[in-house]
Amino acid sequence: MEAIFEVTQRPNFPELLQTHIVLSVVSLLIAIAIAIPVSLAVRNTPLGSAIAINIGNVGRAVPSIAILALALPVLGFGFAPSLLALTLLAIPPILINAATGLKEVSREVVDAARGMGLSEAQILSRIQLPIAMPVIFAGIRTSAVQVVAAATLATFIGGGGLGELIVEGLQRSDTPVLLAGSFTIALLAIATELIFGGLERAFTPKGLRLARKKK
Amino acid sequence: MSRINLLQTYGPLIEWDWISENFVEDILPALQGHIFLSAVSVAIALAISLPLGILAARYRTAYAPVTFVTGLLYTIPSLAMFGILITVPGIGIGPRAVIVALVAYSLLVLIRNVVAGLDAVPPETIDAAKGMGLTPAQILFGVELPLALPVIVAGIRIATVTIIGIATIGAYISGGGLGKMIFDGINRGFPTMIITGAVLATALAIVADVSLLAVERRLRPWARTRRA
Amino acid sequence: MIEFRGVSKTYPGTERPVVNDLSFEVPEGEVCVLVGPSGCGKTTSMRMVNRLIEPSQGEVLIDGEPNTAMSGTQLRRKIGYAIQQIGLFPHRTIADNVAIVPSLLEWDRDRIKERVDGLLDLVGLSPDDYRDRYPAELSGGQQQRVGVARAMAADPPIMLMDEPFGAVDPITRERLQDEFVKIQDDIKKTIVFVTHDIDEAIKMGDKIAILRQGGFLEQYDSPENILANPASEFVESFVGADRVLKRLSLMRVGDMNLEPVNGEGSGLPAISGDLTVRDALSEMMGSGTERAVVERDGERRLITMSAIEELSQDRERPRE
């Protein structure tokens, strides 16, 4: 136990942790910046939503290690290819949920809003987005947890991060290093899940919670 | 680094010759291994989740702790899970650790769906069965589980797709399967192997998804009438 | 004033129009009820007024101007609209739902609050109990009443109401109808009201437009004239075999042209002048009398069965 703790005191530990977090946060932000506008653009066209959702579904079926590994022959080793691969991984859950959430704001509600003279922009900002928000946040949460996990694999294509400890631990049969890496990564993922779960609840309007309970 | 350089380092993205030469000896066994790993894991997970789910549906107080623990397991990144498991005595490096991890990942989804499926059985139906003098065991196996089956299959479907993806990473701790081609490809700088492994793993996930969806639809009478 | 001028609508991908060459006028301050069987194009016709649907042919004029003169959003803020499926915003409280248009129009806070409370009272939901609830905490009928209040919120001169009382029980419905008629007497809005219930149409409408499958206008007239002279067999069967009685329920005995009683009234049962002729008829039949005395404003007049019979026939002409 003590040996494990000692690993976290090594001088390169903060750097690995930092790389891991930077990789995860930046790729998540880029993915949000891509997936949300696309979902908004297709929100009123059933065909567009269906295409976006299906692309997302196929994207989810590609194993994360495959996406990282494929970045290698195309972009090479290092931080930037890892970032790109992680971004590609982070997009599908957000895309699926945002497109589904916006599509499923009931038609009557949007119709009533339009009938009262709300402009398309007002319908989006006051009706569609708030109602879809919990579903969108659930997608971001899934994506965030997945990216923290996949960032562990970045080490295989030279992207750094806490995965390096696991690789080192395995190669040198150094159990404390292996476990220090594993536990830190596990805690990071659980913390991400809890933080984003909290955000999801905070962004669920009370009226929607009541409506869901009723169902 | 320029693209030209990279292509020189790695060669063309796909060498079809390699694929045809190694199809029977390397590729097919890797695919079979992958299917084996995934199928065994889902089967074990189901054997654990069914009784646990049935218990959690009967004794509601058990539901929250069960989903909390399996939820934690589900959140742990796979490489970290493997790293922890191989240090456990009796598991060690190899397919066994991979299967344990894959089972752990399936529990949350499966248990949740078993409970949801049982919840959705109309109470009147159970009352009617009781009224006809069926024993509790007969009601469970003859009425409740068959009615809950579509929802349970939906859970199996999600778990299977997840597992096929994670199993690729298991190759790093000598679990075998399609992941081995991907890791070998990385180590040798040979894109053909990476792409073959990646494409097959993706295709396997999609095929499993679509076939289980077909099973699920068959089990839902309302879906059948809609198709007609 | 709303005017339909040769309006037709064919939905893309279908062959036949669902609204067919519709022309009629709703004068300022009147209630026009669109009535007809399900799918006959009532909702479609109504939604062409506020341009949620654009006509394929013809135009809709509002106060003499084509409704395309301003943008759809501007137009809709001046026209209250209670949609058939209610469509309350699930993430907003009841008060916020009602306040949507006033806040778009940037009314000040106090004025909005006063208006919201007043409207909730009006539709029979006590503001203190319901203001801060969410739609999920209301029954279907209560939600529908909030939908009506929401449509009235900014006091628009024109209102479109699509089966606004469809989801409430018969007793509440009747109360809301009475309330509606009373309020409309004061506020005199120009209203298009959709229903498939002919009794509701007769009660609420200054004018009734009867539509038939395919969006054909069968008859456009006052309730009395429709009951007295149905323009077609379709209208006759749609208004029902009891149309004579329905007509009698539109009139009050106090308004009948009756002779004063000349001493002979003693011993006859008395009837209040506020009763409808139909109710008076029912009372007279119930007490087995041919004649009764109507009392109104201190005057006593004689009502007879034959006077009622005459009334129910005077405008019946055989159709050619």
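Lettered A, B and C in written order, each chain numbered from 1.
In the analysis below, a contact is a pair of C-beta atoms (placed from the backbone, for glycine too) under 8 Å apart; a residue touches a chain by one contact, two chains touch by 3 or more.
These figures come from a predicted structure and were not determined experimentally.
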| item | value |
| --- | --- |
| Chain contact graph, described as a line, ring, star, complete graph or other shape | line |
| Remotest chain, chain C as reference, centres from CA atoms | B |
| Identifier of the chain whose CA centre is least distant from the whole-structure CA centre | A |
| Chain centre separation (chain A, chain B; CA means) in Å | 21 |
| Chain A-chain C separation of Cα centroids, rounded to whole Å | 54 |
| Chain B-chain C separation of Cα centroids, rounded to whole Å | 60 |
| Residues of chain C touching chain A in the complex | 47, 50, 52, 72-79, 81, 83, 85-93, 100-101, 104, 134-137, 147, 150-151, 160 |
| Chain B-facing residues of chain A, complex | 58, 60-67, 69-70, 72-76, 145, 148-150, 152-153, 156-157, 163, 166, 169-170, 175, 178-179, 181-183, 185-186, 189-190, 193 |
| Touching residues (chain side chain B, partner chain A) in the complex | 1, 6, 10, 13, 72, 75-81, 83-84, 86-87, 161, 164-166, 168-169, 172-173, 179, 182-183, 185-186, 191, 194-195, 197-198, 201-202, 205-206, 209 |
| Of chain A, residues touching chain C in the complex | 106, 108-119, 122, 127, 130-131, 205-208, 210-211, 213-214 |
